[in-house]
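Paired with subunit B in one complex and with subunit C in the other, subunit A is shared by the two complexes that follow.
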Partner chain A sequence: MRRILIVDDERHLRLLYRRELEDDGYQVVEAANAEEGIRAFEQQRPDLIVMDIRMPGMNGLEAMARILDKDRRVPIVLNTAFDSYRDDFTSWAADAYVTKGPDTEELRRTVRKLLEEREHLGPGEL
Partner chain B sequence: MERSASRNAALHPDTLKTVLAFVLAGGKGERLYPLTKDRSKPAVPFGGTYRIIDFTLSNCVNSGLKRICVLTQYKAHSLMRHVKEGWHLFASELGEFIYTIPPQLRVGSTWYLGTADAIYQNVYTLEEERPEHTLILSGDHIYRMDYRDMFAEHLAREADVTIAVLEVPAREASRFGVLELGPNREVIGFREKPQDLDPAGPSVVANMGVYLFRTDVLVQSVCRDARRDDTHHDFGHDVLPGLVRAGARVQAHVFRGAGASPTPFWMDIGTLDAYFDASMDLISVSPQFTLYDRVWPIRSAAIQAPPAKFVFAGGEKGRIGEAHDSLVSPGCIVSGGHVERSILGPGCRINSWSVVEDAILMDGVEVGRHAVVKRAIIDKGVRIPPGFQVGVDPEADRRRFTVTERGLVAIPKGENLEGLA
Partner chain C sequence: MSEREIRTAASREQLLDLLDANGVQLALIGPGRKVLWASPSLLGTRGPRLIGGDCHGMLWRREADCRTCRREEVLSTGVTHRSWIPEGRGGAPGPRRLLVQVRVGPEEILEAVIDTALSDGEQAYEVFRERVLAEGLRHVPAGVLLLDRELRIVAANPAASALLGRGEWELRGAHYPAVFPEGLYPAADFPTPAELASHRPIEERELVLGSGLERRVVRACLAAVPGPDHGLAAAVAVLTDVTRQRSLNEALARKVGELTLLREMSLVLSRTARLDRVLRVVLAAAVHPGGLGMHAAALFLAEEGKGVLRGRLARRAPAATGPARRGAAGHELEALAFDPPAPADRAVETLARRLAVPLGQSGHPLVLALSGASPVQIYPAGALEAAEPALGPLLERCPVVLAPLIDQGKHLGVLLGAVTPGSGFPDEDELALAAMIASTAAGAVERARLHDALSDRLEELREASARVRNLQVQVLKAERLSAIGELAAEIVHQIRNPLSVVGGFARRLARHFPADDPRSEDVQIVLDETRRMEAILERIRQDVRLARAPAGRSLDPGDLVRAVVARYRDLALERRVRLSARVEPDLPPVVGDRDTMLEVLDNLLSNAFDAVGEGGKVTVRAQRLKEAVHLVVEDDGPGIAAERLEQIFEPFFTTKVGGTGLGLPLSKRLVAQCGGTLSADSRPGEGARFRILLRPQDTAGPVPGELPEETDDATDPDRG
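Up next is the complex of A and B:
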C-alpha cells in the first residue's frame, strides 16, 4: 500500500485529508509541523508528501528543501491556502502546487496522478 | 509545472539592471597544484597584481553589471578576502552589490554537486532579488567580454537561454562542450568533449561556460535537475541539452571580445603549463591579452606599496639591478640582480648577483645573493636562500619540488628552502 505523509498544523484538515486519502486506498501518516514532518519522513519513508507552507516555526518550503536534500526523488505536493507562494522560486522544486479549496478533489487528483507517473518511470526519470 | 514569473522590462537592452550575475568560484583547480594548495582556482594570483577572478569581475563592472553573487566553495578564505579588499566599490543605495556566498548549508548538506546544483542551492537568493535574467559566469576564465552585447541579442531573439560561444580549431574540440547550431544560431545539439573529430576538420563552436537565462527558466530547470539522480547536475552536461530536447529557445551568442581592439581571446587556465604560457604571453611585445587596455580596464585590489625600485648600476662587477621583458609590480626592489622574461608580484626582492629568468614570482618572494631561478613558478613569500638554484638541475628539482611535464618547477607558498640549500 502506498504511504502518504501529511504535514499540516491544522488538526481538522489533517483529519479530513486522512479520511479522503484512506478512502482512495492509501496509508496515511501525519505530522503537525515541519520538524515533525522531517522526522516522520526519515522514519516512515513515505511514497509522497503533502506539505502545508505556513506553519508555526519552520515553514513548509524550508522543510521541503531539507527533505529533498535527503531524498531528491520523493514527490512533494505543496498544499496551501495561499496562491502567492506559487511565484516564490523556492516553491518550484515541488512536484505540484495545490491551493486549498472548498473540496479536496484537486489534491486527491494530484496525488493519484503523481503516484501513477512514478510507477511508469524508470530509475532516474522524472 | 508551468508557472510564469516573467515581468516585462521597459529598460533599454544596454542596461543590465534587470540582470543578476552568479560567478561560480568554487573551482578546485587540481591541475594547478601547488598554486591551489591553500586557495581556490579563481584566487590564484596572475599577471603580478591580479587574481584570476578579477577578469570576470572586471567584465561585469565594465559592462555596467553591478549585482553580483560570487559562489565560493573549497578553501574560500583567500578569495573572500580578495573580493572584500578589492571589489567593494558598489553603491548599495543604487541597488548594487557584490556578495560572496559560501555553500549554504541550511539547504544542502554537501558541497555543490555541479554547476546547476550551485544555482539550485542558491535559489533563495534569486527569490530575494527577483532578477528577470540571470547571468552565470565562471571565476576561472581570462577574457574581455561586454555582456551587454549578449544581453541585447538574448532580448532580441526572445531566448530562454543564451550561451556564449567561441570558434575553436577541431584539434582542440576534445577539451570543450561543442554545440551544433541552426541557421539562426539556435542551438540544436550538444556534444561534451568529442574525441572523434578529425583534427584537420573545420573549426567547431565551443561552449564558454557563460550562460544568460530568463530567471524563471533557470529556476525551473535547476529545480527539475535537482530532482534527478542520473545527472551530473551540470549546465553543459545536463541542463542545457535537456532544455534543447524540451524545445526551449536556446541561442548562441558569438563572443567577440571587448576593449580598444577586441579580439575573441578566451582562456581557461587549466594546468601549470597553461598558466605559465598565459603569463609569458602577458610580457610579450604584442600579447594576445593585454593588461594595458584603458577602454576595458582590468581592476584588482589596490596595492599600498611604493614604486618598483632598481638599484646598483654595475659599479661592482656583475652587480646590476635590471629587468627586461618583464612585469615588475609595486614594492619590488631589484637590488643588483638580473631579471629577464619574468613576472614579479608585489614586494619581491631580487638580491645582488642573482638571476631570475622565465619565472613567475608571487608577492613577497625574496631571491638571495647569487641564487638562480629559471623556468619556475614561486608562490607567495618563499625565500630562495643565497646561492640556491631552481631550474638548473632537473634531477635535484624533481626530488624536491613539483615539476611539470614541460619541466617547469613550482614551489608552494610557505615552503622553507633553508634546509635544502
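Up next is the complex of A and C:
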C-alpha cells in the first residue's frame, strides 16, 4: 500500500485529506508542521508528500528543500491557498502545485498521476 | 526799490518842506510793520528810534487806532483810507484828519496823515493834492492818479503816465474811465461819484493794456477821498503793473497743474500692477489736455530677449472737451485710460503693435531715444516718418517728442508723443514734464513687470504645492489601499482553509448519501453556499493581485482597446450588448504595462456590462486630447449619482451585487503606477464614462492631473 505524508498546520484539512486519500486506498501519515514533516519523512519514508506552504515556523518550501536534499526521488505536491507561490522559483522544484479548495478532486488526481508515473519508472532508475 | 528811491529823491528836500508846510505827515512801512522812513515832523515828535521800529503804537498812536490796522487790506487792494475827528484841546473836536495808505511795493505801504482843516479847509486840501501828494508820489513805482470830485485827473505821476502811454499833462483834465482804451472801461460800468463816496474800497479791476510784447496787465484801484461834507472830495487811482505777477501766477498754476498731474498719475498707477493698464494710464497722461496734451502718443518697450524695441500701445488725443489746462483729476485719467478705445485708437494701436525695431539699429530714432542720451528728443515734422514710414498715420506729420523710460539704470522703453498741430513747438516746461511722465511711467512699468514675473512664480509655486498635496493624498490613499490589499489577502488566506474543510467534508457527505436521501439536498445547500463563498474569495484574490502588477513599459493604446474588446465579444453577443471600439488613427505609444492596463480595462468593461444589462451599449475609445492619450469606457446604463462619483474609488464602496469594492480603487492605483489617471464622470440616467489618461512615451512628466474639459461632446454622435 502506498504511503502518503500530509504536512499541514490545519488539523481538519489533514483529516479531510486523510479521509479522501484513504478512500482512494492509500495509507496516510500526518505532520502538523514542517519540522514534524521532516521527521515523519525520515521515519516513515512515504511514497509521496502533500506539503502546505504557509505554516507557523519553517515554511513548506524550506521543508521541501530539506527533504529533497535527503531524497531527490520522492514526489512532492505543494498544496496551498494561494497560487502566488507559483512565481517563487523554489516552488518549481515541486512535482505539482495544487491550489487548496473544497474540491479535493484536483489533489486526488495529481496524487494518483504522480504515483503512477513513479510506478512506471521502477526502482533504481533515478 | 521804493524805499531807496524815496530816500535819495532829488526833490526830497523840497518835498519835506512842502510836507511840513502843509501839515502832512508821511511814513513808509516795510515788511514786518517796520518803519523805514518818516517825514521830519514825525521824527521830531517820535524821536529817531522810530526808524526801524514797529509802526504799531508808534506812528499814529494819537490819531489812528492801530488795533484796526488795515495793513493786509492795503497790501491786497493797493490803497485804502479813512478819516476821523480827533479829540482836540479841552475835549472839543479837532480838525478832521485823513489817513491814506497806498501800497507802493510788495510789502511796503506809504502812509500819509493829512490834516484837512490845517488852514481854511478845502483850499488847502486842493493845494495838498496838487503839489504835495503829486510830488510825493512822483517816485512811487505804482501809477497814481489824483482825481477831483468829478473824477477828472488833476495829477498823474510818471508811472501812471507810462502805464497809460500818455504824457502827464495830457492826462490832466481827462475823465478817469476815458483814459483807458475804448471799450475797456465802459461808462455804464462806472459808479457814480455818490456811489464811490459811500463804498470802500471802490472800483477795482484788471485791465489789459497794449498787445504783444507791450502787453501789460494793470490793476486799477480807485479810492475815494471823502470831503468834510462826507461827499466825494477827491479820489485816488492807483494803477499797478501786475503783468509779471500774473505771469508768475500763471507759471505757478502751471507747475501746480503739472505736479497735480504727476501725483494723480502716480496714484492711478499705484492702483494697478498690470502692465497693460499701466501703459494705458501713461498714454492717457500723454494725450490728456491737462497732461502733455499730445495729438497722439505711443509706447515702445524693449524686449531684451528678442533684441527688439516693440510697439505696445498707441492712442490719439480725445475729442476736445474744453480749454487746455495743466493738471488732470485721477478719475479723468482713469476714464481716458480705461474707457473702451475708439475705432481710430484701435487702428493706431494695431499699427504700433506691428512695429518692432531691432535694438542693433543704433541710428534709428527710437533706438537712439532708448539709449537715453538725452532726457527728451525732438524731431521736426516728417523726420520720424522718414525713418519709420509705418508710423505715418499716427504721427500725421506732427513734430515728435521721444522720451526714454529708464528705471534704476534699466532702459525699458520709449514714450512717443506727436505734438498737437498749432500748439507750437513744446517749450522747456513741456519737455521737462514729458521727461517726468516718462520717468514715472518707467517706475510703474518696471514694477508691473516684476509683479508679472512674481505672479508667474507664485502661480508655479501654487501649482507645485497643489501637485504635492495631490500626491500626498494619492500616497495616503495608495498606502491605505496597500494595507487593505494585504489585509484582504490575509483574510482570503485565513478563510480559505476552513472553507476548504467545510466544502471538502460536505462533498464527502454528498457522495455518501444516495440521491433520493432527503439529507442530500441539505448537504447540497451547504456545498452551494461554500462555492459562493469560494467565488467571493476568488474575486477578492483577483482584485488584490491587480495591485501587484508592474508598470512603466510602452504600449500601443489602439492595440490595448482592440484586445480588451475582443475579450468581451462573446459576452456582448450573449447579452445582446452593442459593443464598439473607436481608435483614433496615429496615436502615439503610451507609458504603461500591457497586462496591467488590460486588467484595468477588463475591470471597467466588466463594470460597464453589469451596468447596461441586456440590450445596452458599451463603447471603448482611444483618442488623443491635448498632451494625453485617453482610454474611455462609456456605457448608457443608469449612470452614477454625482455624490457617489468620488466614493466609487474608495475601497469597499460598491453598488454592485457581488462586488468587492476593490476593483475600481485598485484600478485607479494601477493606472497611477503607470503615471496616468483614472477618473469617472456621469450624467445620471444617461450613462457613465470612465477615462484613463496615459502619458505618451515621448513626453516627460506625469499627465495633467485634472480632467480636461470635455470637448468632443458636440461631435460625438453617441452622446448629446
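Criterion: the second predicted complex is superposed on the first by the 121 of 126 C-alpha atoms of A that agree within 3 Å, B and C clash if a C-alpha of one lies under 4 Å from a C-alpha of the other, contacts with A are read in each partner's own complex, and residues count from 1 in each chain.
As a convention for this text, contacts are C-beta pairs under 8 Å (C-beta built on N, C-alpha and C of every residue); 3 or more make two chains touch, one makes a residue touch a chain.
In this text the structure is predicted, and so the values were computed from the model without any measurement.
Placing subunit B and subunit C on a common subunit A by superposition gives a fit, with no clash between them.
When both complexes are overlaid on chain A, the residue A:Glu42 reaches neither subunit B nor subunit C.
In the superposition on chain A, contact of A:Ala81 is made with subunit C only, not with subunit B. In the superposed pair of complexes, A:Glu117 makes contact with neither subunit B nor subunit C. In the superposed model, B is the one of subunit B and subunit C that contacts more residues of subunit A. Vertex at the C-alpha centre of subunit A, arms toward the centres of subunit B and subunit C: the angle is 70 degrees, rounded to a multiple of 10. Of the two partner chains, subunit B is the only one that A:Arg72 touches; subunit C does not reach it. By the touch criterion stated above, A:Leu16 is placed in contact with subunit C alone, subunit B being left untouched.
Touch criterion met: A:Lys100 reaches subunit C, while subunit B stays clear of it. Subunit B and subunit C never share a C-alpha pair closer than 6 Å once the two structures are laid over each other.
Counting contacts as defined above, no subunit A residue meets subunit B in one complex and subunit C in the other. Those residues of subunit A that touch subunit B in the shared complex are 62, 65-66, 68-69, 72-73, 86-90, 92-97, 123-126.
Subunit C makes touch with subunit A in their complex at residues 489, 492-493, 496-508, 527, 530-531, 534, 541, 545.
Per the touch definition, subunit B reaches subunit A in the complex via residues 1, 3, 5, 106-110, 120, 123-124, 126-127, 215, 219-220, 223-224, 226-231. Within the complex, the subunit A residues that touch subunit C are 10, 12-13, 15-16, 19-20, 54, 81-82, 84, 100-104.
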